[in-house]
Amino acid sequence: MIVILSSKTAEERVQEIVRIIEKHEVKAHISKGEDKIVIGIIGKADPMLAEHLRQLSGVEQVVKISKSYKLASRDFHPSNTVIRVKGVEIGGDELTVMGGPCAVESPEQIDEIARLVKTAGGQVLRGGAFKPRTGPYSFQGVGVEGLKMMKEAGEKHGLLTITEVMTPEYVDVCAEYADILQVGTRNMQNFDLLRKLGTIQTPVLLKRGFSATYDEFLNAAEYILAGGNPNVMLCERGIRTFEPYTRNTLDLAAIPVLQNLSHLPVISDPSHGTGRRELVEPMAKASVAAGANGLIIEMHTDPDNSMTGDGVQSLFPDQFARLLQDFEKLAPLFGKRFDTKKQAQAVLA
Amino acid sequence: MIVILSSKTAEERVQEIVRIIEKHEVKAHISKGEDKIVIGIIGKADPMLAEHLRQLSGVEQVVKISKSYKLASRDFHPSNTVIRVKGVEIGGDELTVMGGPCAVESPEQIDEIARLVKTAGGQVLRGGAFKPRTGPYSFQGVGVEGLKMMKEAGEKHGLLTITEVMTPEYVDVCAEYADILQVGTRNMQNFDLLRKLGTIQTPVLLKRGFSATYDEFLNAAEYILAGGNPNVMLCERGIRTFEPYTRNTLDLAAIPVLQNLSHLPVISDPSHGTGRRELVEPMAKASVAAGANGLIIEMHTDPDNSMTGDGVQSLFPDQFARLLQDFEKLAPLFGKRFDTKKQAQAVLA
Amino acid sequence: MIVILSSKTAEERVQEIVRIIEKHEVKAHISKGEDKIVIGIIGKADPMLAEHLRQLSGVEQVVKISKSYKLASRDFHPSNTVIRVKGVEIGGDELTVMGGPCAVESPEQIDEIARLVKTAGGQVLRGGAFKPRTGPYSFQGVGVEGLKMMKEAGEKHGLLTITEVMTPEYVDVCAEYADILQVGTRNMQNFDLLRKLGTIQTPVLLKRGFSATYDEFLNAAEYILAGGNPNVMLCERGIRTFEPYTRNTLDLAAIPVLQNLSHLPVISDPSHGTGRRELVEPMAKASVAAGANGLIIEMHTDPDNSMTGDGVQSLFPDQFARLLQDFEKLAPLFGKRFDTKKQAQAVLA
Amino acid sequence: MIVILSSKTAEERVQEIVRIIEKHEVKAHISKGEDKIVIGIIGKADPMLAEHLRQLSGVEQVVKISKSYKLASRDFHPSNTVIRVKGVEIGGDELTVMGGPCAVESPEQIDEIARLVKTAGGQVLRGGAFKPRTGPYSFQGVGVEGLKMMKEAGEKHGLLTITEVMTPEYVDVCAEYADILQVGTRNMQNFDLLRKLGTIQTPVLLKRGFSATYDEFLNAAEYILAGGNPNVMLCERGIRTFEPYTRNTLDLAAIPVLQNLSHLPVISDPSHGTGRRELVEPMAKASVAAGANGLIIEMHTDPDNSMTGDGVQSLFPDQFARLLQDFEKLAPLFGKRFDTKKQAQAVLA
């Protein structure tokens, strides 16, 4: 950490600041320039120290030169995290495709969609049982019944399941029924939820807050890891910008950046990331080309009548199947395997 | 609601869309132009309909011409909401000032700050017992003990108290000790928390999400109102932009806009809204000039040693007192009362 | 166009507004709902009308349902624009690669880089002679001398050349020396410059303003097209967001969106779009996967000593060559040709 | 300046970087920590050096601790700049009000509006003769004729005049007719225009680019100052954010920030900053409370028929006059004078 003071700071104040720093069992190293006095801090500073120093009068700038997250950082864990669930590996050589409707609506709907995801070559069935909705009068999901329907459809067709959990008190019931739990963009900094997810071992797909920096995103993952759950995937799902044409701006540079900074698998969500069906295919392929470990894609048999209004970004089943065929050709160029036939016949462990 | 189709849409599809619309007990009114076919919807459409129509193939645009929130809207409640707590009125003729530290640290600290807030003429004591923190290794607050310390300090000095609640399961205990509950910016769309707050009558100060639109903000308030709690204040606390110099960009236009769209009181937070002590005073005064019903301002007796690192945006006690003196002159120009002497002597009901 | 009034608007005012509309030789079609009165406008409205109506008292909203640009729109020009320069086609079946340094520095530097671009398989040599710089004390480019050096290097090695033009008075001299003129992000709405570029036939690569919407971007292209120059390429080069880690956020969805809305070729700039060397390769490949017609990539033989400070985002020559090798495999999956050997031997027409 | 390397950097490379630094006639001071090596640079570094160092391999971060602008900085010019034109002082004790239409339309229109601005107590008449327009088919202004009309109206009624100049070649003719030249938001980084404005002495009102940081804004001002023209005013006019309700987000914190960093007068534009008539009054007053040196406000006698479509944000003459009455009461609370009667009778020097 580096602390910058004006060169006009009184010597006495400089010494006071040094004393405050050295209380934290690190060494301060002063260097005086023409305009500024620079104090370098040598040793492992605790994360609070930067915040503390920033508020001292006389201090103009505090520059952190080490990261505030550790367990999520590639510095502390150089090799990739590979998450293994019932024989499926996420974060390894295989490209992972999660597909399904925005919301579970009925046993028939989710069974039929599961069948289509499986035969197309996907490995994970997505579907929401509890839905976060901007206004209180919108459809809020079918609840625990939906979890049961998904579990049944997943088991029947040989797919893992992923569903969103919105509040700490529902973590246990969601983990009972689903193989992977999703934290939505609005909950990326719901710290009580993150802490609770740290106490279990079920894999978590953490979506980036729609206005979160990479640093905040990795700090949110750190909450789960620090609690003791190492099975975290990061999901880029678009950020909020001034552009009104797309629902969000899918930030594909996040994929290589997060893979450089962290060892956790990175999944891309081109459906929420664009909000428009015609953009899902090009952005899904671009995600693979940017190095994504997997994709989460909305697909619906009858988007005209989807209950959540997200049908507008859902692929039709034949589009979904064609896209996975294309992944098969594309993935090897990026060091990944994706074998639709093998996956269509794979049985969960 | 207005639905826009390309003029190339097949007549059959147009009729299909009309049938879908009219299932919702509203009337569809078709008008054909050169480029586009426009369907006007007449009658009270349910809020899901727009989302549903947007996803139909053939539909290019859906324009909502009524708002999706009702109870929060001035159309449904033309006169201002005035929230009354123990004799203090928020949202009426009086300017409300909430002051205090970012976090409660000790009984002595909060007692001394309460004394200073009261003698300066503030009406509400702010302080965090549970702190939302970006990283898991930062100070997370002193918990329920802090709530007790605040309650005691508030009662002793004749101040209302406000504290942040972060998760549904803590709502009851926070409401037992504090007069007003605050929902932080990261929780504006924590819908389970909002729903829980709708079930009680304790006033709620809802902070705007740092990337929330006005429409999303009012929809979040609608969750609490729809649950049965009419005592909601809106708080502008800065939005995230590309500017790195300030912590956030305080959007003061939000004050008159929210007061036009809604009847709820609007409070400004120039401390978090700027993140810099030297900007708190000008932005606090600008907030009053923009018509704010109140302010929430961080103040600390020893910002150098504040435990949260937010000391950098906390006023010193004498700055706080001078600012309230200035409010006394400024408020009457904007139709508000603010009498520091009277308030310093006021006893809670 | 659709005009929305409150249903409380007096009948007299509604009639007044209709009269204002019908002065513009279009028909107004009134439809009254419960909350709102909707006026549909039938016929070709002139672009000023929307702006005019928006300001009338009583008018709540004006919804444009046709686009304000015409010549740039795919509606008016369904097939792709293919720009042909000295035997090179941009916007057709071939992927176009433009490579070179941020700034031309010396005859030796640009000659050596041209040789490397050519042997790697690129078709266009980029290089700045006039540099737009945030502060007045930074290196501003070598001027007309640089144009001459580039022309010579391009001719010698069989490459087209592209260079930035910053002001109307330099358009003619730049067009004398370079094959393609570039408009930088800060000049996207320098309307005098755009107008001047409309008067010549030299192809123009128009960079998206770093905070421009798609609509504004296409309107800027419209200025050039409307002046009589049909040879316009659109270039996505990253937008400004809250994320500090990357220099810009490269918005790859812009590629398919602009190709849907317009017939003009779309080029991606992963160098400025990320500002970091290690991200250029993944984002370049992702651009091809998103459907880009071409790429513009910074490459430098000695980035440590580049004069502009953009070395940090420049590829080394061997990285550049490997990337073009990879394009060769990738392009055919996206319906494009890219043959490095053939291009290395191609002679300009 | 501080340069940060990984502690894993080879000693040889560290020495190489030191040699590169010391070529620039400054001293490098190395300090080694556990994770990082920090090189402090002592002496006046030229502005290019930071850009240069950032691109060296091994360098992780370069932290500028001095500003890149000088003449615009308060460090180099501690007292406020006061611009004096024909007896009017801008940036001193007096609040300056500039009012008028978006565009000059006819001699009668501008004469009548000038009369109203003067009798209300304004000091400057604004009006556009050349208009920057997003699309090429919109009204582009009346040109030099408009300049003449404004000059005549200003002289007749005793008002200074301000008008926008869009391109270097029009600077001289605009300066011949107008007292103050305005650079619009889209031209804040039109460096050729800024350089040209540096060669004259006519005061310049420089509008902040709608996505420009404070640092970029002050660097743009530096271009004009460095050319030799000290008469620059900074104008905050709203930035682009994700919020669609207002045309821009007026960033009032910019006022105290720019006044802290710079000695130049700061003017606020609540008309473009909000784009809505009903928000102009509260945001104008908030601007005064935030410490603005002046305001530029659109006013029109017949906004229904304004030719630019900006009528929607123009005040009616009576609103404008009432607002100036209110400034008279408000200004003294912020250390400013504003005397409408005196100003209505003032004669230009």
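Here the chain labels run A, B, C and D in written order, and each chain numbers its own residues starting at 1.
Here is the rule we use: contacts are C-beta pairs under 8 Å (C-beta built on N, C-alpha and C of every residue); 3 or more make two chains touch, one makes a residue touch a chain.
If you want to know which protein each chain is, UniProt gives these names: A, B, C, D = 3-deoxy-7-phosphoheptulonate synthase.
Just so you know, these numbers come straight off a predicted model, no measurement behind them.
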Checklist entry - Greatest Cα-centroid separation from chain B: which chain? => result C
Checklist entry - Is the number of contacting C-beta pairs greater for B-C or for A-C? => result A-C
Checklist entry - For chain B and chain C, what's the span in angstrom between their mean Cα positions? => result 41
Item to check | Interchain centroid distance [CA atoms averaged], chain A/chain C, Å | outcome: 32
Checklist outcome for this item: Among all residues of chain B, those touching at least two other chains are 211, 240-242, 244
Item to check | Sites on chain B touched by chain C in the complex | outcome: 2, 4, 29, 31-36, 38, 40-44, 60-61, 63, 65-66, 240-242, 244
Checklist entry - Residues of chain B touching chain A in their complex? => result 20, 46-48, 50-52, 54-57, 68-69, 132-139, 166-169, 186-187, 189-195, 210-211, 216, 219-220, 222-223, 226-227, 240, 303-312, 314
Checklist entry - Which bits of chain C are touching chain A when the two form their complex? => result 211, 213-215, 239, 241-246, 249-253, 255-257, 260, 273-274, 278-279, 282-283, 285-291, 326, 329-330, 333-334
